[in-house]
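Please see the structure below; I have some questions.
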Amino acid sequence: MLVLLSVKNLKMHYKTKMGYVRAVDGISFDLDSGEGLGIVGESGCGKTSVSMTILRLLPDNAEFKGGEVLFDNENGEPVNLVSLAESEMRRYRWKGISMIFQAAMNSLNPVYKVGDQIVEAIQNHFPDTPTDVAKKKVAELFKLVGLDPTRMEQYPHQYSGGMKQRAVIAMALSCDPRIIIADEPTTALDVIVQDRILREIRAIQKKLNMAMIYISHDIAVIAEVSDRIAVMYAGKFVELADSVTIFKRPMHPYTYGLMHAFPSVTGKKVDLVTIPGEPPDLLAPPRGCRFYPRCPKGDKLCEEKDPEYVEVDKGHFLACHHPVQPGEVVQFNAE
Amino acid sequence: MQNESVVATDTILKVENLRKLFPAERRLFGSVRYFVHAVDDISFEIIRGDSLALVGESGCGKTTTGKILVGLYEPTSGKVFVEQEDVTPLLYEGESSARKYIESTYLEKFLSMSEGDLKRIEGVEGLYAQRFADLGKNRSKFIEEFLKDRRERVGQLRRRVQMIFQDPYESLNPRMTIYDIVAEPMNIHDVGTIKEREERVADILASVGLTPPETFMFRFPHELSGGQRQRVAIARALILNPSFVVADEPTSMLDVSIRTGIMKLMMKLAQDYNMSYLYITHDLAVARYMSNNIAVMYLGKIVETGATEEVLHHPLHPYTKALLTAVPIPDPEEKRGEPNIKGSVPKPINPPKRCRFYNRCPYAVEHCEKSDHPPLKEVSPGHWVACYVVSGNAG
Amino acid sequence: MLKFLSKRIVQIVILLFIYVTIVYWLMEAMPGSFTDKYLMNPKITPEIRQNLEKQFGLDKPAFTRYLYYMKNFLKLDLGISFSHFPKKVSSLIFERLPRTVFLFVTATLVSYILGYNLGKRAAWRRGKILDKTATFVGIVFWTIFLPLLAIFNIWLFGVILKILPLNQFINPNVWRGTDLSAQNVFLNLLLNAFIFLVVMMISLIFAQRVKTVAAKRTIVLSSAVVTLTVSIILWTSTGLGIYALDIILHMVLPVLTLTLYSFAGSMLVMRDTMLEVVREDYVVTAKAKGLPDRVVRDKHAARNALLPLITNFVISLGFTLGGGIITETMFSWPGLGRAYLEALNSQDTPLLIGLLVFTGIFVLLAHLIADVLYAFLDPRIRY
Amino acid sequence: MTERSETIVQESLWKIRLKLWLKEFKRNWALFRERKIAIFGLSVIIFFAVFGIIYPLYPTIMKNVFWKDDIISYETFTPYDPIIGFDPNIFDHPSPPSLVHPLGTDPLGRDVLSMVMYSTPREFVLGITAALITVVIGTIIGASSAYYGGVVDTFFMRLADIVMLFPSLAILMVLSAFIELSLFRLALIIGILAGFGSITIVLKAQALTVKVRPFIEAAKSTGASDAYIILKHIIPNILPLSFLYMMLNVTGAIFTEAVLSFLGLANIRMSWGVIIHMAESSGYLMGSSIGTYWWLWVPAGACITLLCSAFYFLGRGLEEIVNPRLRKR
């Protein structure tokens, strides 16, 4: 059976004066239709680069270093997006995989009306669509995301932050994509607006049975919307499992640390974990496990050898030599 | 009388009816047509050793409040007391208005009096009169001395109140070394010799966890990570031993794995240096960890305040409730309800005379629209709410 | 918008008033009182002198004289030129203004179109060969000593290649035997160019509504060709074609020189803004929408980078006099710049003031147009 | 305490600062070196600097190598002196470039190369003085009007508007009628005119972006005075941009001087512009013989162009270091 999107050992590095920044360094995952996958990681861990690599929206200094992105294009034969010609690739953008960008505030062009920008996307992929039909479709999308269709004729600066975010979601839906990548869709918003947007995205996803990839630094946000969660650290996935497992039984010490570093509003007021040190420099990451310098469980093996990313349980992938055992309390001795 | 003595023992900061209006739109000839009511008539106090978290969404006036307290903005009205002293004229008035004040209140009177009369005046005025007489009724000398004295007092005050800023990438001057940044307050207030400054900087850097200090002292901010920069910012705020620090979302720009380290450090320093925080944040969970009192702000007003645990576990104001339900919970199995709130945050430009929360409130009744914004009422000991419906005054 | 405009106009009037005042007193400060010169000019007949004395209050003290001047200025009467006696300064300026404007508008337009296209492409393919050569060549021309470039062009095209006339406004040999005034032909030419511009603008606006790139091109190109053909037919049928051609040929070299000299300015502005715009998220979004590279570049990136360029364009139009002095001198083009130099050499103070004042008005008008254009092009600005 | 402090700061502060400055300089130099255009500009500037400095040696060398046979020249340099030179054999001149006169002679018999060389240091002095004045004025005004805002800001911005209204060349031409435009005076006037003009607006815009950054508020909240903030925080952060504009202004100043001299309006005895002016006034520039006597004006014109573009190139190269928005990712 074909999966919708299959990323295999994807590697993408940025070339700089000091050497290669290994932003995406061997990422693998599958995505089924209708599924919500969350990627969580700290700033600079390469999570945004993953999405940009899949859509091939990279700056000039980015270089592919191997791997495949297999996308099921509905006629039985998956295409490898990495090896497509640029003109071919354009057909898959937005129609196959669309994106909700990190900074929704800035992803609308200030000099065009919002409606026209969405119409442009539709007519680009379906050139035969007359403008009025496309406009009708945009009006429907606006209703779907909870915006007044009359706002189509307005410019982005006349929108509030939450409205812009909704318009961007409507734009992402405009070509009926099979996958939507949402990169920090709510970071700049206040909690109440964030809550509403998250609910809407989730509802639309369920309604249209779309596959989604959520990218965020905030585990709580990811937990609200994803079926499966991947934890990314320094250019690699360290753990991937369904969201309940990740929360109830994290096996990677980093995942464990993240779970326990999060203050809770109403739950028990527990002592928070501090992970010592800083994430590694991706120009020269540690030789062995990339988490080794900060890991309380690290030993000689971790220093020497990078753990392989394997399926340890059904659907539970892990890259760690010394997984956290059930019930174990990991002591991070920070300062 | 009794009340006064209580105040005299522990209040470290007291704010009375603070209000700040920003001009929003001007007419053709400069008169202001609309005002943004950024902070609108708020009062609170902080007892020594305690701290207060100011929570709210962006634009609710929490940062403005913090900036007023360190003298970055001048309040439109209201008073600020630091350790029982009314510092409003010191913090916000320039020297010229102080000079005018002293001239109009004292000098004109003194000049017409004889030396003997001057010596007979009592109280604060008497002290001035004494001084004036001692200076041989020299007007300019007296003013000069007065201003010098005032400058001294302003300096003292500035040293007692410090601020930590949100963005560790922007709040450090990129062209200064860590040493220069941390020592800057000493430099401004001319404290200590260069040698003493070096020692003090090394000490403080060590105590914020930048060890060994000598490896950090002569580096530039861009060579440090976000967490380290925020530590530098904390060191800088603490170098003059303030008794009170305004912390404006110091951890919101940091990653989770680093954030808790900074939070713990700040807690520890508060104990070691015996100081209080006004902790400004949008994150209720962080507020819970950082302070024992909390005040929830909405459109320039405090709508609910009390002990943190009490407010978070028994929220009364509909806005606090909505805010609490909207916080995502890092547990996929726990399903929370939908926040019970309508619409979106309006801009606080010339707000109508009614409850600020009226048009978003699911419980609003007629009384809420007819009357002014509700005053804070104590509904249980130490727990104050500004809501007609909750306090049972909805008419 | 109206409020903004009225505010801006008030500002401009105040600025103009201050400007004229400064210019006037600067001239007053020149050695040899210019009122004396007025009075001692041998060409001026006693009765005119008396008139002038009355009109400009020449026998009054300096400050009163200034008030008189301002009063006359409001009536757009700038006095009588010494060197072109008995022409009025204003009529002299109006005679020469079209020549300078035509020369410079053409050159500026060409150089901005060139700069826009080069800058856009250079930024889009940053660090590539086009970027490097365009920047290098552009800066060399931008900083070249303008007389040198002018001489070089005259030498190359006029002396070596012998395809273009050397300098001057017209070729006397061609015009011998006609009683046509060159000024009239020139004004007709100007009118023609203006009509052409308007037609192009309309067709460009019209082209915005059409979807495909090919259709856009056809509309713009065909309208250009049609207007050009019609105007050529008109010129030849009236028999004025040869004179018009003579004027146009005389314009080629100055325009070429000015274009070469100034295109780098607009190119560098365009390139720099474009480099900033390219990083904006909406450009990445446009690319992610699967739009072709050219559409992303032109419709999304360049459209936003255009805004500062427009302001720059209009304002640089305002500075025609300064640039005109050198070019017009080198090519003996009888425009405002040369008039200024002549006035300076012949100590023709009224003309000098008039020219400076006129430049000021011109620059200020350009600012106003820039503001309006900006508001028109950027929906965020609604003053 | 005291024990540890000795281990912390072993060197005096100024030594540490010097080292830091050197480190910073090296880092920027590494960035700068990648800009080939800037390196080209810098090399041309250095070439001209050397070219100008060795001028005093020029007569000595020429005397001993090429002019041995020419007795008058050998005894004195006078006939070929760039300013007072006059060759009695007037009909030999202007002579095309030869071994004796590498760039030929002018109608009076003066050596063109010596004139060009003699002018070089003057161009430097003029350009740099004018640009320095401009930048000092612009930086101080820009920083203060951004910081204080209000009336101060309005005043200086309106002033800049008015200054920008004046076509600077035209105004200088008028001024030349009643002020003797010697080199320094010219530099002063160019510098001041430019200083109150557009550069204040640019630097003020930059200072405004610095002013809103939180470290200004951080300094203010500890009680720093206005002067302290302007001097210690705002100016250091706009200084790189000021330096950049200085480079670009050198170009403008040299160009303006050249044009004024070319039109014969400046009171400067010798400069590249004057050389071309002399060629023009003696009728060798334009007219029927155009291009024939090229050595009279091409060297000077080329020098003006080269030096102007060299400073401009340098400025552009610096811009990509100073202005992070233009930097490559």
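When the chains are written out, they are named A, B, C and D in that same order, and each has its own residue count from 1.
The rule is short, and it goes like this: a contact is a pair of C-beta atoms (placed from the backbone, for glycine too) under 8 Å apart; a residue touches a chain by one contact, two chains touch by 3 or more.
Because the structure is a prediction, the values reported are computed rather than measured.
S.K.: Go through A-B and B-D and name the pair with more C-beta contacts between its chains.
M.R.: A-B
S.K.: Find the most central chain, measuring centrality by the gap between its CA centroid and the centroid of all protein CA atoms shown.
M.R.: Of all chains shown, the one whose C-alpha centroid lies nearest the global centroid is D.
S.K.: Using only Cα atoms to place each chain's centre, name the chain farthest from chain C.
M.R.: B
S.K.: Round to the nearest whole Å and give the separation of the Cα centres of chain A and chain B.
M.R.: About 38 Å separates the centre of chain A from that of chain B.
S.K.: Whole-Å distance, chain A centre to chain C centre, using C-alpha means?
M.R.: 53
S.K.: Report, in whole Å, the distance between the mean C-alpha point of chain B and the mean C-alpha point of chain C.
M.R.: Those two chain centres are 57 Å apart.
S.K.: Residues of chain A that contact two or more other chains, please.
M.R.: Within chain A, no residue touches at least two other chains.
S.K.: Give the residues of chain D that touch two or more other chains, as numbers and ranges in rising order.
M.R.: Expected reply: 328-329.
S.K.: Write out the stretch or stretches of chain C touching chain D in their complex.
M.R.: 15, 18-19, 22, 26-27, 29-31, 126-127, 135-136, 139-140, 142-148, 151, 154-155, 158-160, 166, 268, 272, 275-276, 279, 319, 321-322, 325-326, 329-330, 340-341, 344, 347, 352, 355-356, 359-360, 363-364
S.K.: Name, in rising order, each residue of chain B that touches chain A in their complex.
M.R.: Contact set of chain B toward chain A: 57-58, 209, 225, 227-228, 255-261, 263-265, 282-286, 288-289, 312-313, 322-333, 338-339, 341, 344-345.
S.K.: Which of the residues in chain D end up touching chain C in this complex?
M.R.: Where chain D meets chain C, its residues are 37, 158, 161-162, 164-171, 173-174, 177-178, 251, 255, 258-259, 262-263, 265, 276, 285-286, 290-291, 297-298, 301-302, 304-305, 308-309, 311-313, 316, 325-326, 328-329.
S.K.: For chain A, which residues are in contact with chain C within the complex?
M.R.: 55, 57, 60, 86, 90-95, 98-99, 101-103, 106-111, 120-121, 123-125, 155, 157, 171
S.K.: Quick one: which bits of chain A touch chain B in the complex? Just the residue numbers, please.
M.R.: For chain A paired with chain B, touching residues are 42-43, 160, 162, 190-195, 198-199, 217-221, 223-224, 226, 243-244, 247-248, 257-259, 261-266, 269, 272-276, 278-279, 334-335.
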